[in-house]
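Look at the two complexes coming up: chain A is in both, with chain B in one and chain C in the other.
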Partner chain A sequence: MKTIYKLTATLVAMGEILCFCGAVPIGAAQSSTNNLPFPLIERFENFGAKDGLPTHKVHCVLRASDGKLWVGTYGGALFRDNGKFHLISTNDGLSHRMVMCMVEDKRTGDMWLGTMRGLNRYSAGRITTYTQTDSGLPNNVVYGLDIMDDTLWVATAAGLGALNLKTGSWSIYDQNNTVMHEPWVYSVTGAKDRVFVGVWGGGILEYEPASGIFKEHRDPDRDFHFDLAPDDGPVSDITSWVAWEDGVLWQATYFGMSRYDGSRWRTWQETKSPLPSNFVNFIWPHGRVAWVGTDCGLSTTDGNIWVNYRTDEHGDGIMEIARPGQPMETRKMTTALPNNFVLGIWVDDREAWLATSDGLAHAFLSPTQSATKVAVDQ
Partner chain B sequence: MKRTALILVCLLATGAAGWGAYEEKEDTNTNYAAEPILKPDAPSVQKSEGDYPYYGNVPPDLLPYRNIEPYYRYWLTRLPFRGPGRDYPAPADLKSLKVGLLSPPPYGPESARGEMSKKGVMLAFEEANAARKAGELPFEVIEKADSPQWGSAANIAVEFSDNDVLAFIGTIDGNATHVALRVVLKTETFMVNCSDPDPSLTETQIPWLLRDFPDNRQQGYLLAHLIVKERELRKIVVLRGNSRPGRMGVRPFVDAVRRLGHPVLQEINFKDGDRRFDTQVAVIQQADPDAVVFWGNPTETGLAAAQLRAAGVKAAFFGFDRIVDPEFIKLAGPAGAEGVTAAYFFDPNKTDAAWTNFVARFQARYGLKPDIYAAYAYDGAKMLIAAIKKAGPNRYRIRDEMTSLDEYNGVTGYMRFDGRWDNIAPIVYAEYRGGKWSYFPEANLKRVKTAQN
Partner chain C sequence: MKPRLITLFLVVAALGAVAMWLRQDYWVDHMSRMSGQKDLSHVTCFNCHMVSTAKLRWAQPRPHHDAPAGLAVSPDGKIIYIALDDRDQIAAADAVSQKVLRRVKVAGRPFGLALDAAGQKLFVTCRDADRLAILDTQTLKETASIGVGMAPVAVAYCRTSAGERLIVANSMADNISVLSVSPLREIGRPSAGREPFDVTVNPDGTRAFVVNRMAWLASVKTVPAAEVTEIDPVTARTIGRDPLASAHLSESIGIVPSRSWVLNPLVKVRNLVPITQVANGWVMSSGFAVTDTRTCKVIQLPLDEANNYYADPSGMAVAPDGKRAFIASGGSDVVSVVDLDKVSAWLAAASVSTKEEAINDMSLSPEYVIARIPTQRNPRQLLISPDGGTLYVAERLQDSILLVDTKTLTTKGRIMLGDGGLNDPIRRGERVFTTAAYTFQHQFSCRSCHPDGHVDGLSYDFDTSGIGDNLLDNRSLLGVAGTEPFKWNGKNPSLEVQCGPRFAKVLMRTDPIPPKELRDLTTFIKSQPPQRVARRHDGKLTPAQERGKAIFFATKTSAGVEIPHGKRCSSCHRPPLYTVRLSFDVGTGGPFDTPHLLGVANTAPYLHDGRALSLEEIWTLYSTNDTHGVTSYMNKEQLNDLVEFLKTL
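Entry: the complex of A and B
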């Protein structure tokens, strides 16, 4: 579970950005940028095989509380220290090469890595693995992780696992003890006193551990081949990712995306909104702004204003700004995403890291307005 | 040793639970849009535009919410794969072209069908290897059998990736296929399905799957049309398996007859392995239906048919493809089997050269006649072989070849693929009279025009 960012930290971060952003700030030069409710990306710095990444495909990325960057790829996990990537592979004890998701236990500094064959805890340089045959892990294919209080929540191909980090005991939530018809869990996110679970074909489950109550959020038309009406609930029952922050739940699907603020749903699909593609892989919420990874690039939105980033067919970076009732504003960037297929995102007030199907990108944000201020304002 | 034994015991215990643990659940979500009840002849107002305007080959009067133009419609065009990979070099020191085969558990309810499917796949690859030209790499099939644990197929799909397969084929059970499909999206390995009838499989928007096996949607629409429109039967009861395939498979039929103005009176379940159907028979007797529709495996449905007739139920019997099976006929007995009508895929007595030559080759290789599982598996494997030969050993280009298919002529007949790569070619229905099945093309069922109809 992410923490809510403090304004003071933002001010410090903004000062740092002003220091290290040497590139031409194309956003800052244009006054129209100033009325955006979130920062723009000014430039990308990309990393690939030449920098020590073992594969093209990068699944996930996060910056740990000690400042170290962690990267999950098709060929192992990496951490970046002093500007260099260090690979953690199956030779080091990682249970499988494909690292799909990561979460840090901020209290201990332990990093939890979900792979296609088991869960791994990286603690002080040592790896401990958990598989379905030697622990309570429901299935070896781990798609999502989150930590809330003393519990590590694990989304697997055959159920939701909950590891009590104090006692080491496991609980399994599946079709036998929840309202799930099938235990095809794809994602999990903590939300203060509850957990939201993205279920493949089952919409979103809302679970209150204190009461033990499960609640379903489903697509009201119950049909996959169309969406009958907008803003009526989850855009689809096939959930690819869920994320929560500041009272807002975001749902990614391959049919568009949805937002739920506790009372009202909103939905977005390509051609009906500025969302560039229905194929939404990942959402990272920061304040009340969503950073959205699709197969057509990266989007940032507060639900009303959208900024989309993509690399065009010539390899140039393109930024598109969509404001309600106004024509789309298109700008050419000096740098570009390494690839439009965005699989993972990590953002704070001063930078973003993007995992793509063809490398890793470091995005430098404009200092014009911070995401934190947006959250506070709203 | 002790630990291995413990794990085995645990696996067996979970396995047993995997088969037996399915329980029907009420939908606890109350936030749904009830479908309006329309007059059966109310026309559809929905526009069908785009490259693939025939989703699932649904007849216009069976479309859901057909009095409303939906806000957003999917699969009018095909979802592309926009990631990289097409220019990745072929692996060095390649000694064979590896293809995976995900088979059902060898000791489970789908094992016999899985065995026939495997025979069809292996025949296609044996023929391809026998016809190999000098310098061409041989195909190598890596078979892995599923286990009845939920999620086992996901682990196997990962193993296929670890084995560097270029693509894989499988499987029959909808649960297993679904979980494997989610993995292939991550491993980016194409999957060909030749035997899973679950309508929802291809509705998951994963552009790494093609299914050449007509699913339960096609059968449901045909049966609804036959029962309500052709034979004008009004009181309909469904007797189906209490399983995910039962719940998901019969849904298109149940929805279709409701849209035709004659919702099912009762949808009654049984469990796989049941042998007595006293409760179900009593309920059906009380409903006094015109038609009973069976959805389940041949043993259970055959026994149920016999017990219904013995109890004096005179309704016409209908079913999905699995009742076109000698086991159903044997257990239903003459009274239960006579006059039964089933949706089926194609006429296995057809005499076109592609089919008869395949039957002859299959019989020569295995000493038995192929069934539909062997035939669709053979066609699926042939499609994949052609794609690999054309694309070379690159998973992304193989995907592109497979997903560019609109039509295909195989030993099973003509195939037409929709916007989700589902085979929606017209199917047939079968009637059992006088000790044999006869097959008829679907009549007066308004479907999409294709080259073959």
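Entry: the complex of A and C
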């Protein structure tokens, strides 16, 4: 098996050499024949301490609308400008070094950073902090953020906070004033006229600000570990992340993942699908394709076809393609994820950035098919 | 006898009988229990009872004056537009004849003005109505209006690659409204610094600069800094924030395109230096900042001279050729003329360290200040005609516009808007309030620490010995009538004492303000209503505010446990003034005077030394363990609700 891998790697390397010579590259040839509804990752470029990251653990990543890459790590936030990382730390006024989530207010360019101790607004170099003692922030542990119109939604360890960006007023939604059973809110995502809230142990809350109505989505079988009746609702109530795009809500849990299109649910667990692990940290939807961060690597899926990326025990990059009714296709990559524990993802048509437990990865996508085009076509 | 008198007599008789029956012990016990004071020598029935705001000076009708605020000039230089905020009017005056041609009503306290490129639309910020109005300059009729942030005070117009834009400084919302003109809509509302007060835009419409009057909220022992906020007028995104170290109270900003400079006047404040050092000129001085827009480096230069200060620098105008800048000193009735070529030459020759220390060099200003033009009372906004030939100076407390020939620097005349209002004691008092004539070397006026009667957001060191030993939070003068005694220790019985001998001894370092002027001054202060607060337009409280109100007036905790009288919010902060005017120890090293809460939302920081940067911090960090009312039963939502209610007072 090792010999086959080495042979494949040699062929890929030769293809890349040929590419520079103007010949048809092997990677491109593979991509063009994949016939997949979303692009493949061709290679990874990894960043760590040598590149200026303050710690190996990276929690979140996103590319802002001005093109700057923002990275949240255990040792502060960074932005990448002209190829160099610039650190924003507690010395600069950040409320805590551990940056767990980020969201950009695209209208103003302000970056909101959630940490283990408070919320921060980075605006043109100035940091304003919000903590549970100096503001209406429900709790200092900020797991998730999203902005919808004039409201910043903040998922905290003690409820959901809503900051009106025009008036500065805070509202708190928790077990005291909603149907929320647990106060640990891990994630929040705006969805046009409503907000979906991922509650640890409480499933998903759907909130319509206009009517003030909360609706609860709970795992019907109430079993944490097993999805006794697939596709009947959220796969589990232990929600670790929610994300919404293009009319579809995705739920990450530590016992599988789910998709909800407004009327139907679909669920996946590792034993019944190509999902590499039930331990799902994060989902980034791009069009109708989900980019899934797990403890066993990265997955991309439209719900039917799966492509999983992981680093094997030798440090080699492995790509697995699972098509319905076909055996799993395994390919060896020339580069690998820095770590299989994927905590954060940002994707557009051209590239992906991955936050892992051991560094940051830049994933270059095959140019043959864009995710958006696929979504439109479908 | 009339029935009412009989009833009154019977009531008084009954009360007297009850009082005699209850005897002195009861009343001592009642007053002691209800006031929370062991020493009752300062306690009367009127601390709690018979208090009404209706009879206070600020609740009474007052005369209105033709005080000029914002100015604008037509592209041909013939018509001057003047905002008369106290009258709710806009005036149009002929620049040649120096006569007012027309006045029109514009509701909501019109304050800031700007014209479009063709001079056909006049944009007016309405400070009390939170809106921007558009007037047709031909008819002076309002043709459109749009809501903006709270208390808009300035507007700038520009043309950009994406169309016409308006940049509005929302002073009480700490943000900026970026509007498109066609269609009239808000594109974005980026955050500013604290109290954005003026706006300018570079000629190609790619950058707007907003100057902020107050320093950022920060720990009381840090050097304060305001900022110049840079905005992209096309996208409404924030693109820069240039700090003004140890400076604040910038009220205007001007651009010098030929030099890539932005200029703004400022007050160099050293609030951590003991106030006793006023005599050394160490506490407050006036200057201006030069920001290089290419490098974002800021150099602060003094406007004052060693023994003669030019207090309260307010308006600024830059000549179209970029050769001169004019700065109005509202406290000194002077417009200083700054030769920008000389500033440039000095900056080119000075070392980095010399430039950093320049603001402290009281011998420097003669290098570039080439003239001081005397004005009448309280010059504020400045404007230069399109040809650069005439400088217009809004003499706010004279109700006039001074015209100055910018070549000869001589007076060309005056547009008279009103009579100066000298028959009105409030107006006379405002003149005292805004003049630096009574302070040592004319260093500052009352307004220097209380802009518009409010706060500057700083704490000052009032100790006579060590630095930073006795920081005291600046308190608003708005709505202060009827809340005596004054000072944080509650020792001054009246405004007359506070503003008279005490002010002279501690602050002015000169003779006290003369008695007649002192009377006018206190009349003015008493006439200042509380700060406007943000409420829903229908005046009703939101559900969160209603819940907060219930907490404020609660007599029991959520668990039904009785809250002792002296530990209820409303016991010490009793309506209608939200103070019983007594001192209490709230766990901060007191006892300290109980401040009134009218307009409290906009008076951060809080507590006697300004240690609490937000209302929440009062209870979460500093007055914990039920030392500032019984509050430990509250969960986070209840505290948020309480704060939301406090913001409505």
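Keep in mind that, in the parts below, the second predicted complex is superposed on the first by the 346 of 378 C-alpha atoms of A that agree within 3 Å, B and C clash if a C-alpha of one lies under 4 Å from a C-alpha of the other, contacts with A are read in each partner's own complex, and residues count from 1 in each chain.
Here is the rule we go by: a contact is a pair of C-beta atoms (placed from the backbone, for glycine too) under 8 Å apart; a residue touches a chain by one contact, two chains touch by 3 or more.
Note that the coordinates shown come from a computational prediction; the quantities given were computed from them, not determined experimentally.
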item: Which superposed partner A:Pro54 touches (first chain B, second chain C, both, neither); value: neither
item: Partner chain(s) touched by A:Leu228 [first = chain B, second = chain C, both, neither]; value: first
item: Chain B versus chain C as contact partner of A:Gly144, first or second or both or neither; value: neither
item: A:Thr108 touches, of chain B and chain C: first, second, both or neither?; value: second
item: Touched partner set for A:Arg126, first chain B, second chain C, both or neither; value: second
item: Touched partner set for A:Gly344, first chain B, second chain C, both or neither; value: neither
item: Residues of chain A touched, compared between chain B and chain C (which is higher); value: B
item: Partner chain(s) touched by A:Gly72 [first = chain B, second = chain C, both, neither]; value: neither
item: First, second, both or neither for A:Lys166, with chain B first and chain C second; value: second
item: A:Asn176 touches, of chain B and chain C: first, second, both or neither?; value: both
item: Set of chain A residues, in rising order, touched by both chain B and chain C; value: 132-133, 138-139, 158-159, 174, 176
item: Chain A - residues contacting chain C, complex; value: 66, 107-110, 121, 123-126, 128, 132-136, 138-139, 158-159, 165-167, 169-172, 174, 176-177
item: Complex contacts: residues of chain A adjacent to chain B; value: 56, 59, 96, 98, 100, 116-117, 132-133, 138-141, 143, 156-159, 174-176, 179, 181-184, 186, 200-201, 203, 214-218, 220-230, 232-233, 238, 253-256, 269, 272, 277-279, 295-296, 339-341, 357-358
item: Contact footprint of chain A on chain C as seen in their complex; value: 149, 173, 175, 187-191, 216, 227, 229-230, 235-241, 534, 544, 613-614, 616-617, 620-621, 635-637, 639-640, 643-644, 647
item: Partner chain A, residues of chain B touching it in the complex; value: 7, 10-11, 21-23, 25, 27-29, 31-33, 55-56, 64-65, 68, 70-75, 79, 81-85, 88, 149-151, 154-155, 158, 161, 175, 178-179, 182-183, 186-187, 200, 203-206, 244, 247
